[in-house]
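Next, two complexes with chain A in common: one pairs it with chain B, the other with chain C.
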Partner chain A sequence: MFFHIVLERNMQLHPRHFGRNLRENLVSKLMKDVEGTCSGRHGFVVAITGIENIGKGLIRDGTGFVTFPVKYQCVVFRPFKGEILEAAVTMVNKMGFFAEAGPVQIFVSNHLIPDDMEFQSGDMPNYTTSDGSVKIQKDSEVRLKIIGTRVDATEIFCIGTIKDDFLGVINDPTTA
Partner chain B sequence: MRRIPHPKPRREGKFSFGTEGSPDLKFNFSSPKSDGKFATPIGKGDWAKGGKGGKVANGGKTPVAKEAQSLELRVEQELPKNVKCLMDCEAAIILEGIQEQMVILSEDSTIKLPESFDLGLRYAKTGCYYTNPQSVRRVLEVLSKYDVSYSEICVIANTCPETVDEVFALVQSLEAKRRGLSEPLKDVLDELAKLKKST
Partner chain C sequence: MSFVTDSPIHSSSSDDFAALLDAELEVGSSGSSPDEQDDEDEEADVDANNNDDDDDDNDDDLDSRRNKRCRTEKLEDLEEPEGSTSQGLIEEKIEVSLKEDICTHPGSFGQMCILCGQRLDDESGVTFGYIHKGLRLGNDEIIRLRSTDMKNLLRHKKLYLVLDLDHTLLNSTQLMHLTPEEEYLKGQSDSLHDVSKGSLFMLDFMHMMTKLRPFVHAFLKEASEMFEMYIYTMGDRPYALEMAKLLDPKREYFSGRVISRDDGTQKHQKGLDVVLGQESAVVILDDTENAWMKHKDNLILMERYHFFALSCHQFGYNCKSLSQLKNDESESDGALASVLKVLRQIHHIFFDELDSNLASRDVRQVLKTVRKEVLKGCKIVFSRVFPTKFQADSHLLWKMAEHLGASCSTETDSSVTHVVSTDSGTEKSRWAVKEKKLLVHPRWIEAANFLWQKQPEENFPVSQAKNQ
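Coming up: the complex of A and B.
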């Protein structure tokens, strides 16, 4: 889910960036440092939408760098346990399938795929119902529920299920 | 063509991530105080590698307990108060505006949008089923009078449900309020249907 949030960060600036364009330099550095990163608490920082406040700079002893506390608004994307997402399938194997929802990767184990769907190997591995009416393969769109999340330095990874009511394939690329 | 998945046929025997039957298979997914790793006594179960995902099952179909309560949305409890939930359609408008600005700023080659921005924008656009996000927000805000949280409202907007049963199945945290919520929810869904984009 997307959120609009105000975050704060201490930005260090080298004296060579001081001058008329100090604020612009600070904002550029903030964008380079923060956009695209991810944290466990806030998720992916997708984009900075504005600067709320830049505090007074403090010179650090011994280095000459100045630290500015910057409050900024940004759009973040963070998945939550219990959330319903629509994701595009990227890979299918006998253990389950991988899907992507925005910058987040989701794995759905075969234990969390309905029992009436069986894995079919081949050039285009897929999960199909016995009557062939529903198929999950690469590029299919599925609605799934997040049941767990893991965050590391650069990405968020989730476990999902399609076993509950109203979950499963939305769009089959072969019939679209 | 977009198709809504239907309720699953009820089957005997439930899956459970053996918290009772198999004490070894104990999972603790989201623990904010930890470093974010999945904690399993089995060892270094790395969910990122699909092949190892099968290790969980230990070869047969292990029962998975339906932890209905722990799968309820707890957004407001985990995020600070100043956070505003955005519907996908609202996020799409904000991110498109930023993308247009980047065309102007792109003269400075050091400023580049990260990959997560493109992925986020693409996801927000595909999840956008309505013509006017402000109208959608206005229609759904009626539900806040019935103790529906903003995060639950956003899930309803993003999933674009067609029936009241679908809403209660997808947002389990609303089940407790079903009696008082069914009628207003039906009216809200009728209004939302008028605001949907024609496909």
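Coming up: the complex of A and C.
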């Protein structure tokens, strides 16, 4: 799920960036440092939308660096257990399939794929129903439910299922 | 609850529950309850093991739609006991609670159970990092996957083939180790844009040059029709993936099955524990026997491919390498071509000639049998091959000859067919010449081992050893 929240961060700036462009330098450094990172609490920071407030800078003892407390608004993405997501399938193998929803890596094990879908190996490994009507292969879009999440410094891992109602393939890349 | 009584299919709740319990306990669909026949379409929802789906398709849709309606209306009443909820919901609740109670945690992804999502910190099972980062499977799950995959593969008439990279399919060298005589190679390297025709590649970004063994493209193409192939190398993962790109640019032979030393469970040893295939159906092609201590029976030893000078030096050979001699292994007659013939033979025997049922066949037995045909009928005596006071029958060459089907002895007699010697002046050597027995150099046995065929004895003459 996406959230638009306010976060705070202490940014350290080297004196060479001082001058007329101090604020721009601070903001671009903030963007470089924060966009694309993950945290357990907030999830994945997708983009910074605005700066709310930049506090007074404090010069650190011993070095010339100055620390500014910056409050900024950003869009974050964090999956939750029980959430329904759409994801694109990236890899299919006999253990299940891996899908991606933005920066989130989701694994759906074959235990959580409906039993009428069987794994077919070959050039394009896929899971297909016995009558061939539904197929999950690389680049298919699926709707899945998250049953577990874990966040580390740069990535979010999730376990998903498609064994419930209304879950499964949304869009077959071979048709349409 | 009004909708339960409204629904014509669902009879009294106790009958539903009995039917549900029966199905869950897998007693069987016929005859267990008089209501079963009427409630046939209920079973379509109940148990996935039930194969009546074809009959029940129409009823299935109707019923599942009804169940879905029931479920959406029932969201608040999840805590209600079975008596007042619809049958579909009971089934789901019991299934869910069964799952949570007895989740076997078949594996983990990012340290979460792939079945229930629970956080798992135990270290049992095997990591399959080469398939996807963070994937780990428990031992039971690996066994289950191996047997289902085996059935699948046998249906397609394929076995598993694990291929080593260095000195087996290719030879790599670092650019800084190229000798002056090899500098000409830099101008002869093939384009990296279309690797399917090339064999010599310069990989500047890795500071190395790689030469693919002659015949490798044809070998891979033909072997892929009989085997599901894996790469297993003692190089690191980036190296392994780069080599896989050279050998298999379309990702049709190996797809994700590239195992590097980062994926092995033991240091300096290769093992079949990270290969998702039954050991009885795996054939290994490698130039190093010691890397496969636990799986020697599955191994076909390959003659090492030394193209670059560095490779020769590393193995202690003082001769010039193929690149220095501006020469190369024969394409149609080299190691890969011969081993392909052997693989075809093994595949043919496994699928077409073995009598026992498919699941109990063992490719290791086939390997043993084929090997024993190579030197069948030969009786060998060794002379000046083993150090004195060495236990003769534990020597490498003795054992090699026995595996190839020959019988070995320490004493000469009339049944001996070959005398293997390094010196034509020894007593046994002279006896061989006198008795018109075949006198050969030990390399005759090694050649038979690598080429899987008895070689002409006249190609391995023995010379008089020079005295000090």
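In this section, the second predicted complex is superposed on the first by the 176 of 176 C-alpha atoms of A that agree within 3 Å, B and C clash if a C-alpha of one lies under 4 Å from a C-alpha of the other, contacts with A are read in each partner's own complex, and residues count from 1 in each chain.
Following the convention adopted for this analysis, a contact is a pair of C-beta atoms (placed from the backbone, for glycine too) under 8 Å apart; a residue touches a chain by one contact, two chains touch by 3 or more.
Keep in mind it's a predicted model, so treat the numbers as computed, not measured.
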item: First, second, both or neither for A:L22, with chain B first and chain C second; value: neither
item: In the superposition, chain B vs chain C on chain A residues touched; value: B
item: Touched partner set for A:I5, first chain B, second chain C, both or neither; value: first
item: Touching partner for A:I54 - first (chain B), second (chain C), both, neither; value: neither
item: First (chain B), second (chain C), both or neither touched by A:F77; value: first
item: Which superposed partner A:N93 touches (first chain B, second chain C, both, neither); value: both
item: Partner chain in contact with A:R150 - chain B first, chain C second, else both or neither; value: both
item: Touching partner for A:V169 - first (chain B), second (chain C), both, neither; value: first
item: Touching partner for A:F44 - first (chain B), second (chain C), both, neither; value: first
item: First (chain B), second (chain C), both or neither touched by A:G36; value: first
item: Common ground on chain A, meaning residues reached by chain C in one complex and by chain B in the other; value: 81, 91, 93-96, 98, 105, 107, 109, 111-112, 114-116, 147-150, 152, 157, 159, 165
item: Parts of chain A lying in touch with chain C, wherever the complex brings them together; value: 81, 91, 93-96, 98, 105, 107, 109, 111-112, 114-116, 119, 121, 123, 125, 130, 146-150, 152, 157-159, 165
item: Of chain A, residues touching chain B in the complex; value: 1-6, 28, 31-32, 35-36, 38, 40-42, 44-47, 49, 75, 77, 80-84, 86, 91, 93-96, 98, 100-103, 105, 107, 109-112, 114-116, 143, 145, 147-152, 157, 159, 162-172, 175-176
item: Contacting residues of chain B [partner chain A, same complex]; value: 1-9, 11, 15, 27, 29-30, 32, 35-38, 47-48, 50-51, 53-54, 56-57, 61-62, 64, 70-75, 78-80, 82-88, 90-91, 94-95, 98, 108, 110-111, 113-117, 119-124, 126-127, 151, 154-155, 158-159, 161, 166, 169-173
item: Interface residues, chain C side, partner chain A - complex; value: 48, 53, 64, 68, 71, 106-107, 109-119, 131-132, 134-135, 137, 145, 148-149, 152, 156, 228, 252, 255-256, 276
